Structures are given as structure tokens and as C-alpha cells.
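In what comes next, chain A is part of two complexes: it sits with chain B in the first one and with chain C in the second one.
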Partner chain A sequence: MSRRRSADGRWPWLFVLPTFLGVLVFYLWPLVKTLYDSFTETGPFGGSTWVGGANYSQLFADSEVYRAVVNTVVYTAIVLLGIPLAVLFASLLNRPGLRGVMIYRTLFFLPYVAMPTAISLVWRIIYNGEYGVLNQALGVVGVDGPSWITTPWFALVAVALLGLWMSIGFNMIVLSAGLKGIPGELYEAASLDGASQVQQFRSITVPLLTPSIFFLSVVTTIAGFQLFDQLFALLGPTNPVMPKTQSLVFLFYDAAFVGNERGYAAAVAVLILAVVGLLTLFQFRFQRRWVNYD
Partner chain B sequence: MRITALLAGVVLAATALTACGGGSDSSAGDAKVPDDPAQVKGDLTYAIWDVNQQPAMQQVVKAFNAKYPNVKVSISLATFDQYFTKLKTQGSSDNLPDVFWMNGPNLQLFAANKQLAPLDTLLEAKQVDPANYPQALNELYSWDGKQYGVPKDFDTIALWYNKKLFAEAKVAPPTAEWTWDDYKAAAAKLKAALGAKGIYASGDELGNQGNYYPAIMSNGGYVLKDGKSGYGDPKSIEGLQFWSDMVKAGYTPTAAQNAETPGRERFFSGKAAMMWNGNWLVSMALKSPVKNDLAIVPLPKAPSGERKTPIHGLANVMSAKSKNPQAAAAFLAFLGGKDAALIQAKAGAANPAFNGTQTDFVNSAPYALTTFIDAASSYSEPYPVSKDTAVWNKLETDLIAPAFGGDKPMSEVGPDVAAKMDEALGKEK
Partner chain C sequence: MTSRSDRQRLGSNRLAHAVLMLGSLVMMFPFLWQLKMAFSSQAEIQSVPPDLLPAQLRWSNFSEVFQRLPFLDQFWVSIAVTVGRTVGQLVLCSMAGYAFARMSFRLKGVMLALILSILMVPSQVYLIPQYQIIQQLGWLDSIQGIVAPGVFSAFGTFLMMQFFKSIPAELEEAARLDGCNPWQTFWKVVLPVAKPGLISLAIITVLASWADLLWPLVVTSSPERMPLAVGLATLSGYQGTISPGVLMAAALMAMAPVLILFVVLQRRVVEGIAFSGLK
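The block that comes next holds the complex of A and B.
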């Protein structure tokens, strides 16, 4: 009897072991190792020496870091604007009796499934200042478009608009799941009371969607702070606006893989982790004020 | 998600280092190629960066396999922008390709960090003979008294132009006697005639090797001498100013426009009348829609009457930790041989370094490709490199390139770069 019980105790462990090992090897160990590396200086092909807090004092003295933080915040703010848009689109798509819903959903979701790099290369052509489709379209209405990806600020906006466009599909899927959870009786009762469509949207749809909106804002902020691939592929590493447009992760890439300063890169990674952690904590604290869980 | 992948990459690279450091000390440099080719077995990876040369490289592999049927070579291609980033990461985890392309700026870094196999044994066995290649290239690929690379090809810079666009603008085509002033005068006329059509007079990439190194060298300036930067030298600054003026006058696209549409793409699609560039573009030229309109002359002369071009060449090198050192050595020796050189020459892929095989390259295209070879022998200067070239190359990209045609005069930019470059050079030892 006692034998069997001890076996019972072991079985569950066996089942969680693969996940546990995965977490250990791919999450915890890199975390510890990165923390350690951020206090060292590494040679071009490995081998490291302990330098204490030198990487961090370099980090806080570097004006590029502050600029990268600002760029990353601006980018994230613009991509966050995709959430209200997605709320609007999702509730429009959720209207009963709409034809071709699947086609619309597919169209909105496609950018999310496609590879960010491939998409960025297509948008690189769209944004081209001389031959790009976007500026040709703007030219039709008499606007002389800028060189989107090589003008400071426009380049950041161009990257952010691409990020926004790519995120809308995912946002809509999450939101339409949220919409399905809103009981139809609420709308029936509201229309019996004479509430207009807009009133219903404001007073029923949005408040009841707040849990989904909260989830999206947390996820979008985290993703925003990890901006790298669109930026790299859309602008190109030798773009002269890059020093003004780079994100924190780009800084990390530049230090780790181009400059071969792995210790400094690890310090940048720790900074990103700290900022994202703080922002997420803040969002969780703040949610009580506006998220509706009943 | 993405950042964790990046982090994991760095960490795995670091752990792999600690895990297998010192595992394979059977120095690949001692690998001799056995007399019987059938005995050589194994899989090799061969890393290159030029998609235009890939077909020729595949032909070389095919020819190699005719001799060594039991070696499987897979070519791995990465664009030049990412090539050395990738190699450094692979090197950190002892995962370098068995054989790969190397350039001058990176040779000393890789050799000094024991990533490359020295070629002592191959040289002793006469399987690779330095006498077959230009001496400057053997030197470029030697470090600390040992040779690490087998020269593959060499390149110099000349003036490419589009005959049809010159005729259309009614401007006399360039000659070997042109000076910088003639160049600017022609550019002004070309701009007046073709500018409205979005065609640039000189669609240059504003790169170091193709544009401002030759300008600086022609003008009597220098980039690097005795471990010191030459960017503060007035002669060098004048060389930079030449390109800055070209951009300011609207003859040459800005660095930003080049980031959107690279100069060579502009030139090869007929959107630019001239370009300073190297002979590595021949196969791209032959595939371009304007291939019948192109011609080549030597670079224009600086006001002093001098003309110079940097000479650079690639080499094939072998990883110090190849798992199949014998096969890698056999392949390296084959790549350095006459057969491989001829294949590349006939394909117009590159101007081979193997002495006496250049005729096939010259005949591979209807342009005056001898210009590049004459340049090498009569007015070329060594390509500037140091132990950690990449560090100050980044200064060039970040500080010089965006300043062309900008508000900052080169008399400020030059000394600024020189100071930072000297600091970087001081840290190398």
C-alpha cells in the first residue's frame, strides 16, 4: 500500500518534468546567465572577465539608451492605438447577419500569420519615397509624401503603423471571443428601452470588453518593448536614420552581434526586462480602476 | 518571444563554449590531403555572401566532386550585412562552417582568436602555392608570420557608365583622361538633361571601398598608416568633400536615398548614368536590363593628376575546429587551384586571383574588364585593415556616410572620425 502511494507521488512529477526542464533550460537558466553576463566583459569569440557594474554605468551614461527608450515608448503608444480600432472593427464584424464574415476575418488576420520580415520587405517597397505605392497614392490627392523610411520620425511612425496593422488581426480574435461572451439579452433589453446602437456600444459592449482590452494592452506593451524585426527589416541596418530610430532591442542586437560587446548587451537586456516588468506591474495595479470583471 | 529567442541564442552560445572548450584539439592545420581522393569522406559546409556568385560556386563544388566523390559540400549563403555577425556568433559556439569566405578587414580578428586553421601543412605539401597569387593578397591573409587564407579573387574600382544615357543627354562619354572637374562638369550636364526623369548623374552608394577610399587615395590622403587614422589629414578631407559636393549639387543621391534604393540597383536599372564601383558586379551587370549599354573606364584623376584605387580580394579559409579537417583541406586546396579559378572567370563571377587565369574573366563580358586588372598593377594601394577593422568601419558608416551633402562640412567630420578611430585603434592591442 505504502509502495503504491509513493508511486502515485512520483507519476505527476514525471508528467510535468518535460515542461519543467524546458522552463529551466530555456527561461530560468538564460535569465540567470544574462544577469551574470551583464557584469562581465566578453571577448569576440567568448571568454569573459568580471567588470562589476561597469556595463551599467556605461548604460546610464549613454544618450543612445535614453533615445531608444523614448523611441520604444512612442512606438508602443502608437501600436496601442490599434486596440480601440480593433474594438470597433470586431464589434462591426460581430453584427448578426453580416455576409462574408470569414473573408473579412481572414483578411484582418493574414498579416498576423505572415512572417514579420517578409511583410516588412513588402512594406519597404510600399514606403519607398521615389517609387513607392503609398506616395503615388498620396500624389493622386495632391500630397507630396516624404521618404518614409529614411526621414527621422516618419521612419518611426512608418514602423509603428506597420506594427499596428500587423497587430489588429490578433486583437480582433481576442476581442471577438470577448464579444461572444456578452449575453444577447443585454442588447435586447437595451433596445427595448430605446438605446441607440452607439449608446449600446458605449454602455454595454465597451465596459464588458474591458477584461479583453486589459489583456491586450498588457500583451501589446510587452510586444512593443520587444520591437526589433520590423525595424531591422523595414529600415535596414545601414539606414542613416537608424541612430535616431533604434529601439532598445536593436541596441541590444547592435552591442551583442555587431559590436561584440556581449556584457553590455546583457546589461541592455536586463534593462528591458526591468522596464517591461515595471510597466506590467503598473498595469496590473491600475486595472482595478477601469477593468470590469462582473 | 523574439527577445527570448535572441537571449537564448546568446546564452546557448556561451554555454556551448564552456561545455566543449578544448574538446577538439587535433589541430585542423595539420590536416594533409591523402593521395587517394576516394579516401576523403565527410560533409562540409561552405559559407559565402554573394548571391551573384552562388551559381559559379555550385559549379566549383560540382567539379570538386568529380575528383572527390565522397565529400558532400553544402553552400550556405548569408547577405554581406549579416555574414560576419553570423560567423562571429558561430565562432563563439565552435560552430564555424568548415570552409568560408574571408575578407581583409576580418582576417586578423579571426586569426588572432584562433578561429582559423593555419595553412602550414598545405603549403609545405605544395597543395597550395603562394606563388600562384598576387603577393599583396598573400600578405593580406597572413598574420603573425602564418598564412591563413587562399586568395580567391581580387577587385579594384573603376568608373562604370551607361552609354545610352550619355548619348541621350548629348554629353561626351568619359575617358581615361578625365579629372574630377571634368567629372563634375559632365554631371551638371547630365543632371540638366536627365534629372527631370528621375535619373541621377552619378548613382553612387557612397561606400568606403567604392567611393571615398579611392577619392582619398587619389588625392594623396590616406585612411590608415602606422596605426593612425588619416581622416584628419587635409588631403583626405578634400577627398571626402568631393563626394559631399556631388551629393549637395544633386548629382548623387543622398545616403538616405541609397538606404531606400541602393546605388547599384539604380545604375543597373538605368536610373543613373555613372557609378564608381568594383569588378565584383560583372555578373549582376550581365543580368541587368541595361547590359548592352554599359562601359568601363578608369576612375577620374584628382586635381593633382593622380589616380588611385584600393585593391582588395577575398580568400577562402578553413575553420580551426572543422570536424572533417581532411575533407576541408582538400576542398580548400581545390578552391585555390586553377580549375576553380577558371570556372569563376568564365562565369564572370569574379576576377580570379590565380595568376594567368584572368583572361577568361576579361572575356566573360563585353566591357573593358582589363581596366580593373591594369588598375591593380599600375595604380592600386592596399586596402586599409587593422586587427579590429569592424570597429572603425562602423564609425565610417555612422559618421561619414550620413554627412555627405549634409550641413556639417567634412573639415569637421574628418577630424571627429579621426579622433574616435585613433581611440579605437589604441584599444586593439
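The block that comes next holds the complex of A and C.
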């Protein structure tokens, strides 16, 4: 028995070490390295020198950083609007006796599984100012649409609408899991009491979905502050609108891999980490006010 | 009474269908429009007002993709990266997840805490040092360079650990009494039972690797060594010279594998995303 135990004693390492060493080398060490690098400056020949908080004071004096934060907030706010839409669609899909649920589910989830950079090319043409189908449709109702992807604020809205469109499928998956957890007797009792469907939706469905809605708002906010793929693919990295539309991650990418300012880029990465951490903390603090746990 | 409420429900299901159809039309429209454009000439795409259907099916857009873009090279890079990451994660995450769920060893708590601590950290924080490591290994612009960091996953380890915790321990007891060592128990008894968890992890990893942009963008520089996601995103240099119909055909072929995977495995994909999303 004791022999077996000592033999067992080595087995766990075989199972754990590959992952642990990989995480150590590719994630934990880089985390420490980036924190350190954010206090250094890259020299012209690749070496780096300690500059104390200089990168951070540059960061807080940089109007581009503030603009990127504002852009990211606007983007995230628009994508968050996808949550109420997904609540509506998911609860309609959850109605007893509804036919074609599988077909609807497939159609709603397609944007979520589509490849962002590929579908962005399609949206780029849909958004085109001259022949894009969006502006032609707007023209039918008498609205003169802008040149979406080359006009500062409209470009950001265009990116956000794409983000919203892509997120609805994921939101619906999470919400439909939440809806399955609501006992049917609640609705039966409410019907017997004469509550209308709208009343049932407001006083049963929405309150009991708040844990799922909370989860989605945390995940959406975290993802929103890491906006990069759709921005890069829809607008293109050399788009003249980019300085006014860029996100924090684009700023990071640009500083690290285009401008070769590794130290400053590291400080931007630390800022992203801090903002995401603070927002998540804030949402967890605030959740007591509105999230319902039985 | 029953018939009245049935009729009511039927009536409002009609309204539900109307709203859902409108919603799915918005979800579907870009795909349908893309399909149409992939078969259209440049003039047809740029015509005002738009034609709802191309005058004829121009298959030439698809063949032109292979002539004008390094599409096949990029396609194979995407396949290799996706397979490499997915297989790597399935093996490594299930091993580590199993040890954390079922074995006891020194420093287990510390190691688990260290691995899980990276879950909350945005990927940009690792990016520059990861790039430098790949550079020092001489792996820039290579498949192993794109794959390397992505085979280690805190999320996958956590997912598999949670899954193994839910499996009854009697199975392993029986295997142990039959004389299996821990590796044999894991390989022959535990893994087959863990299929649903492995499938969830595989689906999430496939979707994420196929779509991944930022990391392969910084690691690769030659067009024929980029995965499709990077190839398509960095097309702006070609844009004057390639007709939009060809771009649409390329985009369509690039996303076809994941779309087909999704339509065929719909239930599994949905379950996989729900499972991972809620943990």
C-alpha cells in the first residue's frame, strides 16, 4: 500500500507539469515582464532603460488615450444594447409549443460562429457610402446615409453595430440556459391570477433572468474593452479615420508592433488590465442592487 | 377554457414568429448578400439601386481567389493552427484538469491558483513577451510560432477540472482494482467518459483559433504563412486590384469550414458554448 502511494506520488506531476510549465513560460512570466517593461523605454538598438513612471505620465497626458477610452465606452454601451434584444428573442424562442425553434436558433447563432475578419469584409461593402445596401435602404425612407467607415463617429457606430450583431447569438445561448431554469408553475400560477403575458414577462422572466443578464453584462464589458478584431478588419489599419476611432488595444498594437515603443505599449496593456479589473469589480459590487439570487 | 387559452397562445405565437423572422432576417442578411455578391461582377455589386440577384452565376470569382490570393497556403495554415491548438489543449488540459480534480500532491493549491490567476488578465498583457519568446526560439512567421502559447489554457484546464469533478469516483476505483496505473485509468476509463467535456473544449478552441487575429497578426509577416483570419484582415493592400466579388468569394470560402461545422453539430456547439459560458 505504501509502495503504491509513493508510486502515485509521482504521477500527478506527469499530468500537471506540461500545462504548468507552459503557463509559467507563456503567461505568468510575460505578466511579470510586462509589468516591469512598463517602467522601461526601448532604445534604438533593442536594449531598454529604466525610466520610472515616465510611460505612465505620458499615458495620462496623451489625449489619444482618453479618446480611445471614450471610443471603447461608446462601443461597449452600444453592444450592451444587444442584451435586451437577446432577452426578447430568447424568451420568444422559449415559448411552449413554438415550432421551428432549431431553425431560428441556427439563424440567430450564425453571426456568432462566423469568422469576424471574413464577415467584416462583407459589412464593409454593406456600409459603403456610395453603393452600400444600407445607405440605399436608408435612401428609400428619405435618409441620406453617411460614408460609414470613413467618417469618425459613424465608423465607431458601424463597428459597434457589427459587434452587436455578432454577440446576439452568444447572449441568447446563455439566456436560454437561464430561461430553462425558471419553473413553469410560476407562469401557471400567474396566469390563474390573471396576469397578462407582458406582466408575466416583467415580473417573472426578467427578474429571474437577472443572474444571466449580469453574467452577460460582465462578459460584454470585458470583451468591449478589448475591442480589436472588428475594428481592424472593418476599418482597415491604414484607414485615415483610425486616429479618431481607435480602441485601447489598437493603441497598444500600434505602439508595440508598428511604432516599436515597447515600454509605452506595456503601460497601455497595464492600463487595459486595470480598467477591465476595476469595471469587473464595480459590476460585482453593484450587482446586489439588481441581481436576484433565490 | 383549454381551447380558448390554446387559441390565445396560437395567436401570440404568430406574433412571436413575426418578431423572430424579422430578427433572423437581420441575422441572415449579410450572409445572403455575401452569397449574392460572391457570384456578381464588380459592376453588379456597385450598381445603384442594387440588383437582388446576379444576372448570371459568375463562378470565375471563386477560381480567381486562388490566382490572386495565397488562399490555399493560408487555408492550410489555418487548418494546421486549429488542429494543433485543439489537439494540444485537449491532451494537456484534460491531463492537468484530471490531476487537479482527482489527485493530491504538494503545491497543488498554489499551482492551481497560479494557473487560474491568468483567467482574468486580458491577452494583450502577455503579448509582447510572448512575441519575444517566439522570436528567440526562431519561430516567427511559422505555424509552431502561432500555435505555441495557445496550447496551454487556464480556461481549458478549469473547464476539464470542473468536468472531472462531476464524474463518479467509483469508475476509477474499479480500474485501479483491476491493476491499472493512473495513466491507464486516465486514458482508458476516464477520458472516454469525459467525451462531452472534451467536445465542448474542442468546439470552443476550434472557433477561437479559426477566428484569432491579433496574435497571428504579430507573429507572421509573409502572406503565405498567415492564417486566413490575418490574410483577410490585411487585404487592404490588394484592394484596388481585386474585385469585391472575388473578396466575397474568398471570405465565403474562409468561413465555410466553421459554418458547416456549426450547422452539422448545432446542438453540440450550442451546448458547448453554454457549458463553457456558464462556468
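Please note the rule applied: the second predicted complex is superposed on the first by the 264 of 294 C-alpha atoms of A that agree within 3 Å, B and C clash if a C-alpha of one lies under 4 Å from a C-alpha of the other, contacts with A are read in each partner's own complex, and residues count from 1 in each chain.
Here is the rule we use: contacts are C-beta pairs under 8 Å (C-beta built on N, C-alpha and C of every residue); 3 or more make two chains touch, one makes a residue touch a chain.
Quick caveat: nothing in here was measured; it's all calculated off a predicted structure.
Looking at the shared chain after the overlay, A:F228 reaches both chain B and chain C.
In the superposed pair of complexes, A:T280 makes contact with chain C only, with no contact to chain B. Once the two complexes are overlaid on the shared chain, A:S147 sits against chain B while remaining clear of chain C. Contacts of A:G97 after superposition on the shared chain: chain C is touched, whereas chain B is not.
Of the two partner chains placed around the shared chain by superposition, neither chain B nor chain C is touched by A:A189.
In the superposed model, A:A77 makes contact with neither chain B nor chain C.
Residue contacts after overlaying the shared chain place A:A256 against chain B and chain C alike. By the document's definition of touching, of the two partners only chain B reaches A:G43; chain C does not. Ranked by how many residues of chain A each touches, chain B and chain C are led by C.
Contact with chain B, but none with chain C, is seen for A:V241 once the two complexes are overlaid on the shared chain. Residue overlap on chain A between its contacts with chain B in one complex and with chain C in the other: 26-27, 29-30, 33-34, 37, 130-131, 226, 228-229, 236-238, 249, 252-253, 256-257, 262, 265-266, 269, 272. For chain B in complex with chain A, the residues that touch the partner chain are 1-4, 6-8, 10-11, 13-15, 17, 81, 85, 88-89, 91-92, 109, 113-115, 198, 255-257, 259-261, 388, 390-391, 394, 397-398, 401-402.
Across the complex, chain A is touched by residues 5, 9, 12-13, 16-17, 19-20, 23-24, 26-28, 30-31, 33-34, 37, 45-50, 92-93, 95-96, 98-100, 103-105, 108, 111, 114-115, 117-118, 120-131, 133, 148-149, 151-152, 154, 157, 181-183, 186, 207, 210-211, 213-214, 217-218, 228-230, 232-236, 244, 247-248, 250-252, 254-255, 258-259, 261-263, 266, 269-270, 273-274, 277-278 of chain C. Here chain A touches chain B in the complex through residues 26-27, 29-30, 33-34, 37, 42-47, 124, 128-131, 147, 149-151, 223, 226, 228-229, 235-241, 243, 249, 252-253, 256-260, 262, 265-266, 269, 272, going by the rule given at the top. On chain A, the positions that touch chain C within their shared complex are 7-9, 11-16, 18-20, 22-31, 33-34, 37, 85, 88-89, 92-93, 95-98, 100, 102, 104-123, 125-126, 130-131, 133, 136, 165, 168-170, 173-174, 176-177, 191, 197, 215, 219, 222, 225-226, 228-229, 232-233, 236-238, 249, 252-253, 256-257, 262, 265-266, 268-270, 272-273, 276-277, 280.
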